[in-house]
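Okay, so chain A shows up in both of these, paired with chain B first and chain C after.
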Partner chain A sequence: MEHAIQVKNLTKTYKDFTLDHISFDLPRGTIMGLIGENGAGKSTLINAILGISGSEYDQADILGYDISTHGRYAREDVAAIFCDSHFDLEFTPLFLGKMLSKVYKNWDQKTYMDYLEKFDLPFKKRLKKMSTGMRVKVEFAAALSHRPKLLVLDEATSGLDPVFRDELLDILRDFTEDEDHSVFISSHITSDLDKIADYIAYLHEGKLQFVSSYDDLRNNYGIISCGQQFFDALSREDIAAYRKEAYSYRVLINNRQKLRQVFQDIQIENASIEDIMVFYVKGEKVQ
Partner chain B sequence: MKGIILKDLYDNFRVGKNLASYIFGGGFIVILGLLINTKFNFLWVTLITATVFSSCTIESACEQDERANFNRMMMSFPLSKSQIVAARYLLALCCAAVTNLLTFLYLLYCVFLRHILSFREAAEFWGIALSFSIFFSGLTHITYYLFGKKLATIIYVILFLIVGVTYSLFVVVLGLTDILTVNRTVLLIASFPLSLGFFGLSYLISVQIYKRRYA
Partner chain C sequence: MEIILSSASDRPIYEQITSQIKEMIMKGELKPGEAMPSMRKLAKDLHVSVITTQRAYDDLVKDGFIVTVPAKGTFVSAQNQDFIREENLRRIEKLLSDAASLGRENGLSLEELEKTLELVYTED
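Right after this comes the complex of A and B.
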């Protein structure tokens, strides 16, 4: 099994929204960031991948298991943390461990207690009396204690301060040190993905715009500011999107090396994931 | 499934307000049962206790799940949707067993200590109350899966009032003597398998509702 997630032509249709023929692979041992504006379909995609909601597909495997027929076997090795679904706030971390030990075959109570200690979390305090950050730490401790091979995070770091998010990113880095471990993370905070993602998948209005390695994005995408004449001289296929400003154009290019060869003096800014996302959503496409 | 059952037990008996309502309700029934020693009261207490406590675990579990949107997380566990629903039904059966065991102890108290009615008579009524509690539990579960906590609680209270009013009307219109002379053996033989059958059907319906809700 080379891939943690393999999806081909996954479609999920609601009355007012369609997740449209999504295809991508997440290689084992890597982190894929899923980006997209609100309502783009990120949570829908995650629900479909985890088998929480049904979908139609040619192939949808997690950890080598088909999600419809063997989803619950796959979920034995999957941990999910959601921004909109949590453990009961009346729980204590101690009870949570007891409960999850009955849920997961691979549950390791010692690992869980070690994480609670490492994160400096009180064992017997109810979650409702903890700060948001502490609760998220409890969720991470719980998620990592049944030795999952795939961690799925749906906006799990939103609402947390930068220092705390940085701690969590360290946890994810530690987690993926094992080549068997993979992370699929959707986040609005694209700067976090800049720090950890190996791959980026961009979802817009239910359609996957691209899946690319982070290095390819950094190497290929760039932003140039230019006038009308230069803009007209650019090859249309090198322009991912552009934004017209008062007297100039801001152009997101997708073939940086080629452009550099053709226009040697041109200044090309690095494009962050956020830049790319904003250009795709707000920019115009060339005909 | 054990994890979900454990969670629901925690929601019911370790969450302060839920535990308080059990203590309050249970205490009220115990006082009622011990103070008023009539046949009418025996029937009433047995029926109410069996029905309420056999069916109310879903209420607290549902409330806590909705508050934390826990269903999404629960479905990310290595469990099928049928197993998630089955856990609730198993817990309901366990609660029905415990509750009916307690009402059986009350039966022994009424028969042998207070001499309110004969053992046979009491046991037949106890059996009918057991059947009704299983039937009502099945009905309650469907209601909660179909309507969610808020609306289902209102319906639950209405259903319960209907049961109470119906029972009281029977007593007023037919008289307690006539109720007591109903062929209870036949009623018991018919009602127990029917209630179990309905409980099973209720599970299948709830699974379909749950699957459809999270389709």
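Right after this comes the complex of A and C.
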């Protein structure tokens, strides 16, 4: 099995929204970040991949198993975390561990207890008495304790403070040090993805705009601030999008190395994922 | 082993990694036969994508600085001084050819370039 997720022409139609022929592969042992505005279809895509909601497709495999016919074989090895807990709020972390140890064959109670301690979670406090952040931490502790091979995170980190998010990024780095482990993560906090993603998939209005390795994004894209004269001199095909501001142009270029050879003295800023996303949506394209 | 990456730099991260490892090998800070960290470990510790370290290692293997032994790991290759000298000559040629093409673009003659080289060579 080369890919943790493999999707070809996945389509899901609602009355007023269509997830349109999505195709991508998540290579085993890597982290893919899914970005897009609110309503772009990220959760729809994740729910379809997890088999939570039905969809039409030519191919949709998760850990090598077809999601609708053989999804249950993959379930033991997949952990999904959403932005709020889906466990019964009357449970305590201790009870939850006891219960999940009966659910998962690979449950590791010691790992679970270690994570509870590491995350400063009270063993005997009911989930309903915990803050959102603490509940998400319980989710992570539970998810990591049944030794999954694929972690699917849907805005799971959005309610967490920067310090814990940073800790979590380290946990994800540790997790993917094993080449059998993969992560599919959607997040509005694109700076987190800048730090850990191997691949970025960009969803816009139900369509996949691009899937690219983070390396390529970083090496190819860049931002130039310039005046009219320089803007006119730029080759049109090097301009991914631009924004006209009061006194200058801000240009997202997609061919940084080539431009660097032509213009050796210009300042080219690195484009973050957020920059690329904002330029794609709000910037103007050249004709 | 020290590797310092700058995310503000214009140079691709994989190039920053390869050039620093090459330098350490050429200076002898990394000895022939010494074990290198695995690609995944290096990616984790440097906080970069495994695709980046893979590309860096691929280039280092291609240029003969490191060797990968299946199921054992990656090691600094056992190479001699000639190899290092050759690599340096290659770099010099590359830098000079950059200078030459820049000179041509700006209409400098060969003599003028030679004079500049003479000047900087004796300066240090």
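Operating definition for what follows: the second predicted complex is superposed on the first by the 284 of 287 C-alpha atoms of A that agree within 3 Å, B and C clash if a C-alpha of one lies under 4 Å from a C-alpha of the other, contacts with A are read in each partner's own complex, and residues count from 1 in each chain.
Note that contacts are C-beta pairs under 8 Å (C-beta built on N, C-alpha and C of every residue); 3 or more make two chains touch, one makes a residue touch a chain.
Bear in mind the structure is a predicted one, so any value in this text is a computation, not a measurement.
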**Prompt:** Is this a clash or a fit when chain B and chain C both end up on chain A?
**Reply:** fit
**Prompt:** When the two structures are overlaid on chain A, which partner does A:Val211 contact: first (chain B), second (chain C), both, or neither?
**Reply:** neither
**Message:** Looking at A:Phe95, would you say it contacts chain B, chain C, both, or neither? Reply first, second, both or neither.
**Reply:** first
**Request:** For A:Tyr104, decide between first (touching chain B), second (touching chain C), both and neither.
**Result:** first
**Prompt:** Is A:Glu177 touching the first partner chain B, the second partner chain C, both, or neither of them?
**Reply:** second
**Message:** Once chain A of both complexes is superposed, is A:Ile52 in touch with chain B (first), chain C (second), both, or neither?
**Reply:** first
**Message:** After the superposition on A, what does A:Cys83 contact: first (chain B), second (chain C), both or neither?
**Reply:** neither
**Fill in**
Chosen between chain B and chain C, the partner touching more chain A residues is B
**Asked** Between chain B and chain C, what minimal C-alpha to C-alpha distance in angstrom results from the superposition?
**Response** 28
**Prompt:** chain A residues touched by both chain B and chain C?
**Reply:** none
**Item:** Residue numbers on chain B that touch chain A, as the complex places them
**Value:** 2-4, 6-7, 10-11, 14-15, 64-65, 67-73, 75-80, 83, 214-215
**Item:** Contact set on chain C toward chain A in their complex
**Value:** 7-8, 10, 12-14, 40-41, 43-44, 47, 49-52, 55
**Message:** Could you list, by residue number, the parts of chain A that touch chain C in their complex?
**Reply:** 29-31, 173-174, 176-179, 195-198, 213-215, 218-219, 260, 268, 270
**Asked** Along chain A, where are the residues that touch chain B in the complex?
**Response** 47, 50-54, 71-76, 78-80, 82, 84-91, 95, 98-105, 152
